[in-house]
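Dropping the structure in here first, questions after.
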Amino acid sequence: MSPITDRTISLESEVRSYSRSWPVVFDRARGSKLYDDEGAEYLDFFAGAGALNYGHNNPALKKVLLDYISDDRVMHSLDMFTSSRNDFIDTFNSLILEPRGLDYKMVFPGPGGANAVEAALKLARKVTGRESVVSFTNGFHGMTLGALSVTGNSLKRGGAGVPLVHATPMPFDDYFDGDYPDFFYFEKMLTDSGSGLNTPAAVIVETVQGEGGLNPARVEWLRGLSELCRKHDILLIIDDIQMGCGRTGTFFSFEEAGIVPDMVCLSKSISGYGIPMALTLIKPELDVWEPGEHNGTFRGISAGFATAAETLRAYWADDAFSFEIRAKAEKVAKRFQSIVDVTPGITVGVKGRGLAQGIECATGEIADRVSQAAFERGLLIETAGPEGQVVKALPALTITDEELEAGLEILEGAFASVASGELADSASIIPGREESYA
Amino acid sequence: MSPITDRTISLESEVRSYSRSWPVVFDRARGSKLYDDEGAEYLDFFAGAGALNYGHNNPALKKVLLDYISDDRVMHSLDMFTSSRNDFIDTFNSLILEPRGLDYKMVFPGPGGANAVEAALKLARKVTGRESVVSFTNGFHGMTLGALSVTGNSLKRGGAGVPLVHATPMPFDDYFDGDYPDFFYFEKMLTDSGSGLNTPAAVIVETVQGEGGLNPARVEWLRGLSELCRKHDILLIIDDIQMGCGRTGTFFSFEEAGIVPDMVCLSKSISGYGIPMALTLIKPELDVWEPGEHNGTFRGISAGFATAAETLRAYWADDAFSFEIRAKAEKVAKRFQSIVDVTPGITVGVKGRGLAQGIECATGEIADRVSQAAFERGLLIETAGPEGQVVKALPALTITDEELEAGLEILEGAFASVASGELADSASIIPGREESYA
Amino acid sequence: MSPITDRTISLESEVRSYSRSWPVVFDRARGSKLYDDEGAEYLDFFAGAGALNYGHNNPALKKVLLDYISDDRVMHSLDMFTSSRNDFIDTFNSLILEPRGLDYKMVFPGPGGANAVEAALKLARKVTGRESVVSFTNGFHGMTLGALSVTGNSLKRGGAGVPLVHATPMPFDDYFDGDYPDFFYFEKMLTDSGSGLNTPAAVIVETVQGEGGLNPARVEWLRGLSELCRKHDILLIIDDIQMGCGRTGTFFSFEEAGIVPDMVCLSKSISGYGIPMALTLIKPELDVWEPGEHNGTFRGISAGFATAAETLRAYWADDAFSFEIRAKAEKVAKRFQSIVDVTPGITVGVKGRGLAQGIECATGEIADRVSQAAFERGLLIETAGPEGQVVKALPALTITDEELEAGLEILEGAFASVASGELADSASIIPGREESYA
Amino acid sequence: MSPITDRTISLESEVRSYSRSWPVVFDRARGSKLYDDEGAEYLDFFAGAGALNYGHNNPALKKVLLDYISDDRVMHSLDMFTSSRNDFIDTFNSLILEPRGLDYKMVFPGPGGANAVEAALKLARKVTGRESVVSFTNGFHGMTLGALSVTGNSLKRGGAGVPLVHATPMPFDDYFDGDYPDFFYFEKMLTDSGSGLNTPAAVIVETVQGEGGLNPARVEWLRGLSELCRKHDILLIIDDIQMGCGRTGTFFSFEEAGIVPDMVCLSKSISGYGIPMALTLIKPELDVWEPGEHNGTFRGISAGFATAAETLRAYWADDAFSFEIRAKAEKVAKRFQSIVDVTPGITVGVKGRGLAQGIECATGEIADRVSQAAFERGLLIETAGPEGQVVKALPALTITDEELEAGLEILEGAFASVASGELADSASIIPGREESYA
């Protein structure tokens, strides 16, 4: 056991963030429960920001992983062929792509979501010979320079240290509260040869903007965007890093819209066990890469391939899991609405889709207080949105009904306490601890 | 067991590269041995391109990892505090930093080396308010847009699809075969206010350029560079992603030069088990980041923290491992020189330092043939350099003397066979297999 | 006399454009009349694209110019003090700035409008420390790299050969035919910290977009923009290169709106005699330049200062000229409306303001035919707009009522002929000449 | 007469520079003499920074210009055909291009040198499909964004307000005092596919760097550069804006080297009378522009075409002028050497070529004092070089032997006075004036 000390904290950069909201030392975890180093239990409505859709240390995956390691199977292999890699490719194709009538080639672009995005952007630019990419207001795609240039958040953008270029933001769905027709601006810019918009190689979009505040795009809007791209010969990249792998109720979040993107970025929950892995799907005709033109050290996380393949077999061989997710999603939606109904002063509405739902508060400060009150009551839940004004629930998709109910109960209490102004100053929350963690 | 098929291969992008050189399916591995799915054994002089310095599935680390997973310790945690994370921070400080008199703060920038580089470049630009970075000829730093802009390789650069800017290459050590004084060009450009060089925020450099062809910088050159940076108020970033973690004989590859970089990038072997992890070390006074200004999903690979901490305890608590590495390095150097001595037509010389040594061939085609001949004899060894002209040995640092000897033996044979022109056309190497893997 | 030959034409780049529409050799000019080398007369509704607001070889200016040259006054002086330069500065201040209550410092940025724009953009970026500039759809600001990046036209932009960055286009007034509130998009992007819009140093805007198709901004829109800039600490740059110097009825085109831009770009008619000259006006508090930080060879066109000062004395000492312009403008507006009224199939409406008015045609091809028919009848008039769909009248402000009437008469005839489909194929317009000028 | 006042000065931006060195008001000029508004005479060794190669108000040109204006010939015409334009094209071809065996098409890119450079860079990028351009240390090409990016001076570059990219500086001839072979660095970077140098579309170079400090490139170096470009399929652009039009003794400064650039930029003295005009010459096969892809208001300065054509007839119909220039150049060289010989402490050597020669001083401060002392004695001469350390003589090419002698005499005296430390503090130079002009 390693209790946290001032010295340990001082050894880390000030850039750390989550440990500021939840200043305890986590040690063990299973399913939707985390335990700190003093044994206290926390219910998890955060799920590794979407990297733990199957819960912490999911027993089925754990068995596969332990066997894999015990048997000295290949752990690291760049893009060499390995048994587990081949198995993943075949399984992904047979359980995910083929049943959905999708024809994609797979790129293993590196260990994280930003790699999946960077690879997609590079390929889109190479294929089209254009540099510019259209992103959307409040989109979030990663912290590396290429991914950051299509990300909206001004704090993150400011960290780049160079002007972020080759990307133009367009209004996401409902950016104007439905006051204007979809794509009225984007389409006008595309068709007006004097608009000054650099013709884009691609658009990159999330179907539900997670970090942006759980803004869901309507299926009509996604279809319209897909149609617009087709019409103007622009590639459509869906960033399904946070919303894929079942988060919205189907494996890909764009299934409901019935669209077929030119490229799809996956990461976070693709390995299923929190092991870094990423995957970029590309239409076969876009595969113009030279061998080795994009590479990287961590493209063959074979233990990740093994757990990833197991998630597909365990959860995606039939529709049962999808139904479960949607049932839970409905429960969340209903409960969130009832919370909103009774907290008119401090909440604005329910946002999101599937098991990515949240409650928009009047201000970021209120959302922070709710999240803090939840933490005091043993629930981990974060905030999102440009002002951090959305309390964002991202429970594991495998959360039990009891746990879900318990978490919603806590959250309701947290909102109630903030609504009634009972929340103590944050300085007094966990007496005696503040000095160490400030 | 998943035998590879045409169908599986066709599901992957043409960007794959290693599987072209070594068209077998790897399945199991231990130490310096890999086994394919038919049980054939391969000796590994590649070591995951430097990600497996402690060998495949190192038993000491394996035990820690199995226990970690079995005990349901936290696997994924973003930048929340975890026991294993704290333990890693403290252990890294007490076993690595303090004994070397180094004072750094740690940034966990994401799962891979490119993240470590991107974070360093972002911070250097933010601290100095300048955009430009000086890189070096044949440097290699990663495939994301920021990292790619400081990478020399033209094939990789061409993949970006946008002009790579904000970086200027300068000649690496010995770029002109010692004909000109060190930094004669760089220093002139810095001191001449009419030179047109954008004053750089930082220089980023490898002490031995791995992908660039095992070009070692002399300690005098590194000291000169450090001095030059200090004099002109430029930050010095050492990319120790491939050469750190003991590869050159000391934990950091820059120790021999006695310099103290402003930032250090680590990844590849830092976790020790092939688990994706990265670390950027920064001088405390450079820590000007806002909380969350740089973030990412895979910054808390807690199983990786656990194996990483164990590598430090197992290998870096005293000097013994360093001595072993250097002894092996000497053996390699001697043997490589004797190979060069007897193959005057096809080899040019020995390159590299520590256990990152190679033999420069007259052409890339010769080096390819040697690598292919070695593979036929059961040895995995890759090529590097702008023309792929360097046969690059990167054995695990933990390789046994017998394995090292066996590998060198095979390599000697491979060189001899290429020298004597006996190598069969690659089409006939593994009869009956070519169609599947082409 | 130099008759044009194939050989002469072949010595010039294919980039030439006006000589394609008007394939004759012009030789002499006075007021609103041009004469070709065979003595044919042309009425000028083009006025050097706004560079000849006071007509060709205006007699008052001509006398000043001839005296200036005859007396061996300084012709070229960089930014040395000269009598004529001082006189211009004082006269511009006393006749233009002071009466309007404007407090600006003058920058002489080089000989052309693009220099005025480049200087303004550079200074705006230096003052604010931001790189990005907001431009407007169909804006036109020049062909040098900085000016081109804020220009909308895709043909011109494509000529840059590098991606044009650091600028984001926003919808100009009435871009959506009044369907949406002014600045609904721009303001939302500015206030949403997750919008992805790089906070701009400045906006650059024309009050009437000349090249863009004579799109006038309403005074309310200009006031709204000015207010928006003030609120968000963004500099407002008015590009008055084509619309300044009286074109819209007042010396500055923004006077009617009652706004005070932070910077104003002037060129074209500022010298009054077609002599290249440019002027950037900046608010005194923005004058943060180091001596010589921006320079150039042709910033002291002293003969131009002399004619420029004379234009101010001759035309801007009182309001008479303004009244004249507006009276002519009304005449044009009325006549244009009556043309539109009788050509419903081929015209869309009247556009513009002051003596910058045009008739929008249904297609660019129709506008071309009208311009061609006018040329056949002895009238020079060009087209503008992204599709070249606007027949754009830019007569000299000094045009006589008779000339104006005559020109309008010809134009009416040209429209009528196109409307009635009588226009011959362009190949047969000027028989025997086509081969030489193609 | 307009005496300068504090008020007038305060109306101008602080960016002004020459008026700081020479704080008098110039009024009349003829040949190599300028006269201030109090009648004081100044001998001109500055010649409009190379824009007045034929002297101020050259009588032959003056007659042409007065006739042109008196006769109401077309003054302004964009790129319409005019008699004077055609005459210039034909005359330039018959007197300049044909006799030298040069085959170029002409682009009239705008009124100033920066326009000539911007047009060349745009076309080079369009033709090659590459973005990057190689420039040279201490090169100077103009103040617009494209031209500035290939300019070395850090003060000017800093004024851009955006990072200057798409250009890489290479060492100009003799940058290392002849210590290293020509192009050792550039060629290595081009041939090494791992160098990190973006393959350039073009190189842009001056044969003698004027602003950079009168650094002449040897003919061997120019030939080597031309050969290197040819070999690597890179376009060679000679910026002959300051050194063309006879400045070095031949019409084009590159004639002596016997090379044929792909593009040539001309401006400054091309009109011959200080009228802004520019010309980009391009090899016919490079003329890939669309009509109107590059345009601008001041591409048809017809009075400038008239005086320009006259300069060719008057000075370049035979070799006599060339011989005269060279004879004067020899005189200057000899006298400068003798000045250097007697001022060992304060001078370093003679620099330049033709009538672009200078004396390098030990420091910029010394050069300033010399220039100031010369001004006190009635001679206008400026300084150049990154530290302003070169006293740069750029007399009119038409200067009489007596004037040349007189100027050299003054300069000798100025050097002598600085050498002997007699120079009074600049504050006391022109008593009573300092307050006004500071």
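We call the chains A, B, C and D, going by the order they appear; numbering starts again at 1 in every chain.
To be clear about the criterion, a contact is a pair of C-beta atoms (placed from the backbone, for glycine too) under 8 Å apart; a residue touches a chain by one contact, two chains touch by 3 or more.
Note that this is a predicted model, so its numbers are computed, not measured.
Looking at chain A and chain B, the chains in contact with each of them are C, D. When the C-beta contacts at B-C and at B-D are tallied, the pair with the greater total is B-D. Taking the options A-D, C-D or A-C in turn, the interface that duplicates A-B in more than half of its contact pairs by residue number is C-D. Across the assembly, the mean Cα position most removed from that of chain D is the one of A. Centre to centre, using the average C-alpha position, chain B and chain D are separated by 50 Å. A straight line joining the Cα centres of chain B and chain C is 58 Å long.
Separating the centre of chain C from that of chain D, both taken as means of CA atoms, is a distance of 30 Å.
Shared contact sites, meaning residues of chain D that touch two or more other chains, fall at 131, 155, 162-163, 166.
Residues of chain C that touch chain B in their complex: 162-163.
Here chain C touches chain D in the complex through residues 1-4, 7-8, 10-20, 22-30, 34, 37, 48-52, 56-57, 62, 65-66, 69-84, 86-87, 89-90, 93, 105-115, 118-119, 121-126, 131, 142-147, 149, 155-156, 158-163, 166, 201, 267-268, 273-276, 282, 287, 289-298, 301, going by the rule given at the top.
Within the complex formed with chain C, the chain A residues making contact are 131-132, 135-139, 150-155, 157, 163-169, 171, 175-176, 179-180, 184-185, 188-189, 192-199, 212-213, 385-387.
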